[in-house]
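Look for subunit A in each of the two complexes below; its partner is subunit B in the first and subunit C in the second.
And then the complex of A and B:
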């Protein structure tokens, strides 16, 4: 009999032995080494063991009796330290064994980030029974706290298990959403919500700094200063192939032990299987392909022909109640299309990726019932062009001939008791009855049945019912949706962000059933504005959702250079500022222009130079003039009573006060103010968004002027006696505009829509004014800071090229 | 192919872009998803707008100057606009970004 030695009693080598003993039980005399003090068990079921849903005994694959029946010599708890290929022996900790054929199946080792404290007792990985038991023991302490580093598959299964055992669990994930390798952002958002509902605290973009404790782990520190108490820390940040034995023995290596399609290494008597191998550049981390490898390896040993092939993989998370599925490929490749389906009420998200009429990837969350069907389509590479329009609804919708392929026909085919509006429980029959009773528009149906009157996401369906029932006489609503990503209008979205308390972009996309994965250049800046205006403390401004000028805090010019304009409060400056501006202009070779907003513009600055010029201007005490924002631009003033013989009040002083109060705020469109010291109006205040004219008796406040494509005189909001009141009314007006206007509507457009009377009535109430001002100040506590200084400090690198290959190529 | 390391994946913000200077001009490297990147010419086919400054959405970018939208996979302008930009192979390995500089050079020579 030939002597076969197997290193590692894992899931892959275990499957090899099963095949061998099934087909040729007498072919080999087997010796099996395993570093773990036990035989083969179903490693992937450690998660149910951790959570208490299963015992270890239930997940053992091969017990003592099985090894005895198959006459396997077991050397468990003994690590192999060396393979001596010249003498054909394997060296174990307790002695050598000779081989004719050798299988390496050593799997992977968890990756441990070598941060300070990683070796403290109480810091574990998640790979084997020892790790699992350490976590179970830690959970015995009442009120114990666990920190899981890593929000991938393993980390989340660990977190869910520890939570089920009653621990207080925090997951730290370095990326912007969970399981980013399998899920897109929307599915990651739903998963986070579900985990949070289970009481698991999830921190994204969390940078762990170190682990601390006196003799054992006590706390985890993050880069941002957060301190988390911990009785146990589970580090689940990835795996590395355990391939050192192959390396030391001089086998051909890539990132792991290289094998051919017959699972042979570069030494024909040594084969390898499982996570320790590399095949055609691929590494492995899930069991499905390892089972294929095991089958091929057994055949190779028995002299039969077979070849291992890569195949599509799918992932599910084994956390009860979190239904997610991911398969295929979302990256690389040409000309792909997405089909997205969202059902916010049920927390369902599905995304299909199509290329050349074939399904190449699928992500599903909340409803994975059809996942196998989709996975089948991916694996088979089926042509799906025939069912393109309805494929997202799954197999139940297919095969119905022409009717099923047309969404309108699909609506027509729905039974009368099919629910259309989930929020208000309105079924199709009720809507049809309303239409037959005389309703002809969406608003009629909304008023009579309440369908689509709450979250609004069924609007499209209701319109289809109208279209089917009324035929050609139905006309869709006139108000235009924001863009092709949604059927909702700006007004709808603003209202829903407030009423549903949506505080992140993924939340908006999911809850409002966005049709694209992450919006487009039209909706993204709008949604970003609405979120930051409505939830200044919760929402984090997203630079990638801003137009270039607001992202780079300078105005892009048609040749790709930028213009830079420091703020001059109320149009006032002094010699020192002017000298600094002149020096900067010389140093950076700028063209200099005096603007209509009473400041100085430096044109022609290169992007790479922006941080440097800002830094120079900052050093001279100047800040960004926000000449590029949908935000407060300038407060234009005349010299007022300080100097002018006609001046009635200190118009410059009021202008400076207003500018100091309002600068840095983001608004639906740009906001320009003017303060004139007398009715001669030298500051041209009567064509500004807010214009104040000083008179002997006080201040006349006008709003909603324009001097661009449209020219329009301001309308009088109110006359007040004191400077304090003038400031109070101005701030309240700006905040009312910020909270209610549609993105990119200047104040005059917005006032035309809502009516000046409504604005006056609203602001007339002192309590309302006070509340508006309070909300404005809260927002300013977050947003009133100089972006130049901030970018110089934190984002400087983003202004330089990622790499410069011009010099290398020249060499 | 000649894969050249041009930086770390995390050097590019999610749904953002950075440029790489090459003898063939500036190349924009876009990060469309946590682990998905594309490389194209940085120059809009319309009037040369810097595409790396555009808003990145799905697997597309919108030019910051006049809103032409390009597929980052094919380089084709979308919708009614006609034109295209060069695309280049780029991949992620162990968190590093690798650009195929042979493809860049070939494009330059052609």
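And then the complex of A and C:
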């Protein structure tokens, strides 16, 4: 009988032994070492043990009786210190054992971030029963607080378990969404919502600075200054192969112990299995391939042919009630197409990624019923072109029936009691009855049945029912959706962002049933604007959702250079500013142009010089003129009563005050103001978005003018007596525009849509004006800052030129 | 674990189903553990809304615990006492606004055999005890009345947050579950928590806690029947469970591709999936080996059957 020594009693080596004993029970005399003082248990089920939903006894795979029945000599709780390949012995803490064949199954070790305080008592990893018990013990303190560092599978399972044990739990995750290796942003958003519903506090983009405590963990400090009290800190940030024994024994190593397809190491008498091996450059963390390896290894030991192959993997989060599935590759790519299905009411998101008529990836949240079918399509590389239109609905809709061929037929096939509008509980039969009773448009159906009257995400479905019932006589609504990602119009989306309190892009994509994973170049800038305008304190502006000029804070010119334009308050400047501008122009070889908005434009600046010229202009006290933004541009003024014989009021002073109040604010489109000191209107205020004409009795405020592709005179909003009132009405008008207009509608287009009367009526109420101004000021507390200074300070690197490698390549 | 079960007194002993028929609840079957008097009497009875224990659960649209038969609205007191029963709980099963049935569970305990039935009701952001039976475990009862559970916290909070039945082992080690020590003192070890949806805004969670000496039952199963898990077909997957004979009953693979499945109308659990009604199945036919009684409670979310909880004696 050959002597087989196994180091590590984990799930992989345990499966090897099962195969061996099943096939050739008398072939080997087995000695099993395990550093843990116990045998093989189902490690992946530690999470339900932590939560109290399982006992440890339930997850034991091999108990003492099993080892005894199979005559395994167990050396549990004993570490192996060395493998002596020359003598073919394994050296344990309590003595040596000779081997004919050796299996290394030492698994992996948790990665601990070496931050200050990581070694304090109370900081645990999440790997074995000892870690689990440490967390269970920590939960014994009523009102105890836990911090979990890491929002991956293990971290979240630990968090859910600790929460079920009754602790206050905060998860810190460094990335922008949870489980980013398995989920995309949309699914990550739903998972976060689900965990928050369980009372778990989730902090994303959280940079942990250190762990502190007097003799034991007491708190966790984040880079942004946040302090979190903690009775226990669980660090679940990843694993790395525990391969030191193999390395010390001189086996061929990569990032772990290298094995061939028969699970042999570079020493033919030593085999390895599980998380401590590297196969064709791959490391392993999920159990399915480990079981495959175990089967192959057992066959190799018995002299049978087999070969380990990499295969597609899928995974499940073991948090009761959280249903998610992911498999394959779901990164975005030019040659890839996404099919997205969302059901906001049920919290369902499904995304399929297709490349070359094959399903290459799938992410699902909330509805995983068909996950095995999708997984099969991915694994088999099946051609899905025939079922492209209905694949997202799963296998029930395939098979060549009418419903399979045409999505409209699928709607036609729905029974009368199928729910169409989840918000208002309206079924198909009710809608059909309304149509049969005379409803011919979406608005009719809305009015009669309330279908699509709330969140509006079923609009497309209601229109399909109209089309199915009315046939060709149905014409879809004239209002166009924002883009192909949604059936909703800009107005719908604005309304829903407010009413449903949607405060992030993933929230909009999910709750409003976006058809793409995360929008497109058309809708993203609009949604970014709506979110920052409605939720300035909650939403963080997303630079990637901005046009290039707004990202770079400068207008790109036809030759690829940029223009730089400092702000000149009300068109006023002074010698020092002019000298600084002149010096900058010389230094950066700029062309100088005086603009129609009473400012000086420096043209021809190279991208890499932008931070330097901004810095120079900042040093002279100037800030960005925002000549590139959908925001306040200029306030053009005439010289007013200070200098002009006809001037009735201090138009320059009012212009400066208005500009200082409004600059930095983002608006649906650009906003230009003019203030003229008398009706002669030298500042051309009557063709601005807001134009003020000063008269002897006060200020005439006009709005909705234009002087671009369209030319239009302003319309009178109100006449007021004082400068304060003029500022009050102007700010209130701008905020009303910010809160209500469609993205990329200039003020004149918006006013034409809503009607000047509505604008007047709304602003006529002093309380409404005050509320608008308050909200404007809240927004300005976040957004009224100089982007030049911020970019010089924090984002200099993004302007650095790409290295010119042409010369090196030539050499 | 293959030996036959030694006889052990279980906490839940009798179960019966009451079905709405017109303006009354009529007897829809039951298992009476040899209590023939109670069985005979029950078969002849019906309850109007508000009448008796089943009628009270219907009228109040919430689980109702009966702690004392004497002097109560219980209509079958003498027969129940004769059978050695000490308490009962009536669980209304609503699909949306429609009452499908009322499941009545009658239990028996004594000074040496402990068990508890609790009904938790949401009070905004926390669950508080609204009804409960604790038998002689007075200390545990007193503590329970003073605590509340937030979303996701402890067995009741976990059930509430996840909208799913949860079978908890090892209650005595759930430290922040303030009652752990008191639970440990009287040997309470396992807990079954079930969401009980009712019309209106209130959320209820029913928990059955039991000790090793007096288990609620010898075998538990939690079946997941949500369409988002099983698809359009009427079926369910067994996602958790424990059996005194067979040991753990949950899937071992991850993802759980090896979960046992049950289809509508096939077998006792299948009856629940098919009919949408609670089921009290008596006799060994169709039941796992070693058992002669199954009680199964369907759990709904709105009008959709989402889970089945089954226990076996």
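Just so we're on the same page, the second predicted complex is superposed on the first by the 793 of 811 C-alpha atoms of A that agree within 3 Å, B and C clash if a C-alpha of one lies under 4 Å from a C-alpha of the other, contacts with A are read in each partner's own complex, and residues count from 1 in each chain.
Operating definition for what follows: a residue touches a chain if its C-beta (ideal position, glycine included) is under 8 Å from a C-beta of that chain, and two chains touch if they have at least 3 such contacts.
Just so it is clear, the structure is predicted and the values come from calculations on it, not from any experiment.
Trainee: After superposition on the shared chain, which partner residues are touched by A:167: those of subunit B (first), subunit C (second), both, or neither?
Mentor: Touch status of A:167: second partner only.
Trainee: Per the contact definition in the header, classify A:516: touching subunit B only (first), subunit C only (second), both, or neither.
Mentor: A:516: touches subunit B, not subunit C.
Trainee: Between subunit B (first) and subunit C (second), which, if any, makes contact with A:312: first, second, both or neither?
Mentor: A:312 contacts neither subunit B nor subunit C.
Trainee: Just checking: does A:320 make contact with subunit B only, subunit C only, both, or neither of them? Give me first, second, both or neither.
Mentor: Touch partner of A:320: subunit C, not subunit B.
Trainee: Which of the two partners, first being subunit B and second being subunit C, lies in contact with A:63: first, second, both, or neither?
Mentor: Neither: A:63 stays clear of subunit B and subunit C.
Trainee: Does the superposition put A:200 against subunit B (first), subunit C (second), both, or neither?
Mentor: second
Trainee: With touch defined as at the start, can you tell me which subunit C residues reach subunit A in the complex?
Mentor: 150-155, 157-158, 161-164, 166-171, 173-178, 180, 226-232, 240, 242, 247-248, 250, 252, 254-257
Trainee: For the complex, give me every residue of subunit A touching subunit B.
Mentor: These residues of subunit A touch subunit B: 175-177, 180-181, 184-185, 330-336, 338, 516-521, 524-525, 543-548, 551-552, 556, 558, 560, 797-798, 801-806, 808-810.
Trainee: Would you mind writing out the residues of subunit A in touch with subunit C in their complex?
Mentor: Residue list for subunit A touching subunit C: 42, 44, 51-55, 58-59, 136-137, 139-144, 160, 163-167, 197-200, 286-288, 314-316, 318, 320-323, 325, 346, 348, 366-372, 394, 396.
Trainee: Sort out for me which residues of subunit B touch subunit A in the complex.
Mentor: Those in contact with subunit A are residues 4, 6-7, 11-16, 18-23, 26, 29, 33-36, 47-50, 53-60, 62, 64-65, 67, 69, 71, 73-74, 91, 97, 101, 104-105.
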